[in-house]
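Please go over the structures that come below.
Below, chain A partners chain B and then partners chain C, in two separate complexes.
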Partner chain A sequence: MPGKVVEKQTPKPRFINAITGNLGAILVGLKYFANPNRFTLKYPYEYIELRNTYRGFIVLDMKKCIGCMSCARICPASAMKMVKVTVQEGKKPKPYPVINYNRCIFCGMCVDVCPTEALAHLPVHDVVYLSMDEMDLDLERFQQKVESPSVKEGVPVKYVFDPEKGLVKVPASEGGES
Partner chain B sequence: MSTTTTIPKKLPGMDLKKIGKDLYEVFIGPQHPGSGHMRIIIRVDGDVIVEADPDLGYVHRTMEKLAEGREFIKIVPLMERMAILDACNITLPYVEAVEKLMDIEPPPRAKYLRVLLCEINRVASHLYGMGIFGVFLGHSTMYMWPFGDREVFVELAEKLTGARLTHTYAIPGGVRRDLPQGFKEDAEKAVRYMFKRLEEYRKIFLDNPVIQKRLIDVGIISKNLAAKLGIVGPNVRASGIKYDVRIIEPYEAYDELDFEVPVYEEGDAFARAWIRIIEIQQSLNIIRQVLEKMPEGDPMHEKFWAKAPPLYKKVFQETKRVKLIPLFANLKVPAGRAFARAEAGRGEVVYMVESQNAMKPYRVRVVSPSFRNAIVFKYIVPGHRIADLPAIYGSIDYFPPEADR
Partner chain C sequence: MTDWIRLLIDIIFWPPLFQLVIAPGLVAALLVVIFIIWFERKTAARVQMRIGPYHISPRLGGFLQLFADLTRYAFQEIIIPTAVDKPIFIGAPLTALVLSLLPVVSMPYTSTPYYYPLPMDYSLLLTVALSTISPIFIVAAGWASNNKFAVIGSLRESFVITAYELLIVITALSGGVAALSYNLVDIVNAQTPFYKWMIFTNPIAALTMFAAILMATSGFPFEIPEAENEIVAGAFTEYSGLMYGINMGSAYIKRFVYSLLFTLVFLGGWLPYKPGIHLIDGYIIPLVVVLVKATIVMAIISFLRAVYGRFRIDQALDGAWRIFIPLALIGFGLALLEAYMGVYA
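Up next, the complex of A and B:
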């Protein structure tokens, strides 16, 4: 059954509302003053342990790559390029993908289109690069698993849904599988 | 000692020009935080606005032209950049138009998953609009609360799609991911929380006499004017016109769902604030229904699975992730012209896709809701005082990147 239109009217303000309206607003404000509902992340002292399904930075497994160029072809931002590399002496050079994070929009299409699962997302969304040139990765660095800078000293946390508080910040070890 | 007062010739950020006796021209924007990436040129007589001129185009990115040089699937992430919190709603008609050209119909489960993300997006989009509305009126609490609660729905969308804002979820033939483990429970928690919060929004914002004094009878769009200007979305429904694409031309799974579309008669800023709250309630109802009624099956068209290698099925079983076949990179769409529309958070979005049996479209035409709503400033702002301008601007929920595209 499809949706239906319902005609409504905005409540007309009456004189009593000048008292009850102000009082109600103040009471709600006071309720949250006494018992605030905060879920601020104290970044970088805390960091979110992201889900495994998160579309974060991308890593290449060179052993699985067959050089089909599908990832470079589907990339909507032309972030992925193919480079020809001679892996074994005496053999023809083979194309491998490299990524330019200046351009990448993390749509994850390259990971999804890879026929051998050579590309994979890492659950990382914050990596520090000191210059723009550094964000243009070469084949060597594209295979390294990058790490969030807050991992070294920060505390991993997780957000879990809660019917009373919306989201609740808990230590990552208590969060359970999500 | 003589006292000389120096009058600054030009105030920083504001260009003031005298154009007649007691008539000044004030440029508000484009850097002004209250105007977003647009400029409203107003002419004031004392404190009263006599003329207003919306000046758009500051974030124009030539998306339609860029689309002509891209393959069909690459246009989905491009068009997403129109609206930050409305990614699924704003790209869905494009995907539908391409599907019409290719003569494929997504499986029922994909339709429900699309509706699910659309409604999550609508809630987040309305909350964003309410937050901006609140801060325009100087109500900082109403700014912080919806922006915080928006996070709940952004998190929900991230759980479903893997990305917080730019989901790239709907693709021709279906969707990219199936429902993850435990999503239903989490969504139910989020919905229950939001229902509770809407009641508190009403208490602190809509029932607040200070807000009522600033919104009631401000920026009235009459039924005739709304029809004449062709505005869309919650704004037109707050003016008493029963227009919602979800009802007029149900797309995806909307004809199987039971929901209400609120219509208000008043047409003032207060009605536009109320309609958003009621629409969030209805969206929450739809999210509940979708999760209950969702049929079993594949989130991708059967033609796709016929071509997919065994590894793809294995990955789908393990991670619920639909891998794309390399064919998507050079998808050839049959020649023709297709037209599709959907109800996005801010109103009706229309796409026209023309293909000439090639890998790239000949033309992609977009009509976005905010572009159709922008003209309203010219007609309803005159007659109000400058202090009412933020209230009107906030109530329209105008979003420049969507209008300029």
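Up next, the complex of A and C:
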């Protein structure tokens, strides 16, 4: 059913409306001036706790990896790469994935496609690398769980909806659904 | 020895010099402007649910941020493009700064004749006349910049200034008409009981002058001549470093000077304090009273930054010529009526 065409009525500009509108705007400004509701996140002193399903940095569990190369094949940005590593003496070298965060777009396809859940996301999104070479991880560093600098130093907060003030920032320990 | 100290005090507190250089001139104006810029940023942040300048000095509410900005401006390279008209490009902002500061010398801050900087008989006319000179140098700076945005900005500046300085002149003179004198001292002294301040007896003219100050000095929501997201920085597009800081500062100083004039004409100047005859009780204290009142006026102007959005140039001019000039004329008529009925006689 096609939408109904309605002619939009714009209110006529009237002098009294101008006065009341200006006064109302100033009153709202004064209300916020007297009782401010500042919800700026003071990163890195404060941080929002991320859930475990957050699509953050990726970590490899080498024991679970079977070297199927699905992750490297599905990676749309060619960030995953397989390297052959000799794990045990006398056996054939086995392929393991490594990641290049210069290219990674954090789409999570490698984690989804992994048949043994060897790859997993960490709830971390704010790691700093000093150079581009450093972002190209080798097998050893790919297995380490990176730590967020804000989690190390800051306090967790969350945003809850307050019926009177709108969004309010509260400490994460306090109750209420975010 | 005591004579020597007395001479030094006489030189420092010689009103024409003291008023131009120390207070309310260059030094006090700079301090007030720095405070007002900080206040403006903090107020806008408070109303808009942000924090504002904070990180540089959390205990002072980020007040040192302004000094950091000032230092950065002071040490930044001043780039002068090859295509500009060099003498005007450099000279115009400096002249605008000095000329926008000049009206403070023509205003009295006490009723003791010994501390008048000039003979005060026509001080209101002189103040208004001096305050209207500086915009022409902003237009010249924009023209000398040889840049499209600068020319558009200076064109807008000339439009806005023509409309709104006319308002300031009419409303300021209506104060003189009501008090039957162009002498600012008489105008202030006429407002002796509290309820006779001209903001109460002539609120229409006061409101109009307030709005005109807001528009003419391009305070944030109404900075049509230097609208950042339309024409980069208007007339100041080509400026960098300290020259840009001077341009920005002269707008604030102009607003400060207009606030002083507003204080004297509509807010009763140094009243309710009665100046004595000595240096402290006859000159310094009334000056501080006037400064505090002017700072409050500027703070209200800064608060409005958080409330309003920017007007287009056609809306601003429409408002000036269709709404505010009739209002100013009504205020002038009210002042004539007061003069006829002898309210301030």
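What we mean here is this: the second predicted complex is superposed on the first by the 159 of 178 C-alpha atoms of A that agree within 3 Å, B and C clash if a C-alpha of one lies under 4 Å from a C-alpha of the other, contacts with A are read in each partner's own complex, and residues count from 1 in each chain.
Note that a residue touches a chain if its C-beta (ideal position, glycine included) is under 8 Å from a C-beta of that chain, and two chains touch if they have at least 3 such contacts.
All of these numbers come straight from a predicted model, not from anything done at the bench.
When the shared chain is aligned, chain B comes close enough to touch A:Val113, but chain C does not.
The larger set of touched chain A residues comes from B, when the choice is between chain B and chain C.
Of the two partner chains placed by superposition, A:Asp61 touches none, neither chain B nor chain C.
In the superposition on chain A, A:Pro36 contacts chain C only, with no contact to chain B. In the superposition on chain A, A:Glu134 makes contact with neither chain B nor chain C.
Of the two partner chains, chain B and chain C are each touched by A:Ala25. Of the two partner chains placed by the overlay, neither chain B nor chain C lies in contact with A:Glu147. Of the two partner chains placed around the shared chain by superposition, chain B is the only one that A:Pro2 touches, whereas chain C remains out of contact. Within chain A, the residues touching chain B in one complex and chain C in the other are 25, 28-29, 37, 39. The residues of chain A lying in touch with chain C in their complex are 25-26, 28-29, 32-33, 36-40, 42.
Note for the complex: chain C touches chain A at residues 43, 45-51, 303-304, 306-308. Within the complex formed with chain A, the chain B residues making contact are 70, 73-74, 76-78, 141, 148-149, 151-152, 155-156, 158-159, 161-163, 166, 168, 176-177, 180-182, 185-186, 188-190, 192-194, 196-197, 200, 203-205, 207-210, 212, 216, 240, 242, 244, 246-247, 250, 254-266, 268, 270-271, 274, 278, 309, 311, 315, 319-326, 328-330. Chain A meets chain B in the complex at residues 1-11, 13, 17-18, 20-22, 24-25, 27-29, 37, 39, 51, 53-55, 68, 70, 73-74, 76-77, 105-109, 112-117, 121, 159, 161-167, 177-178.
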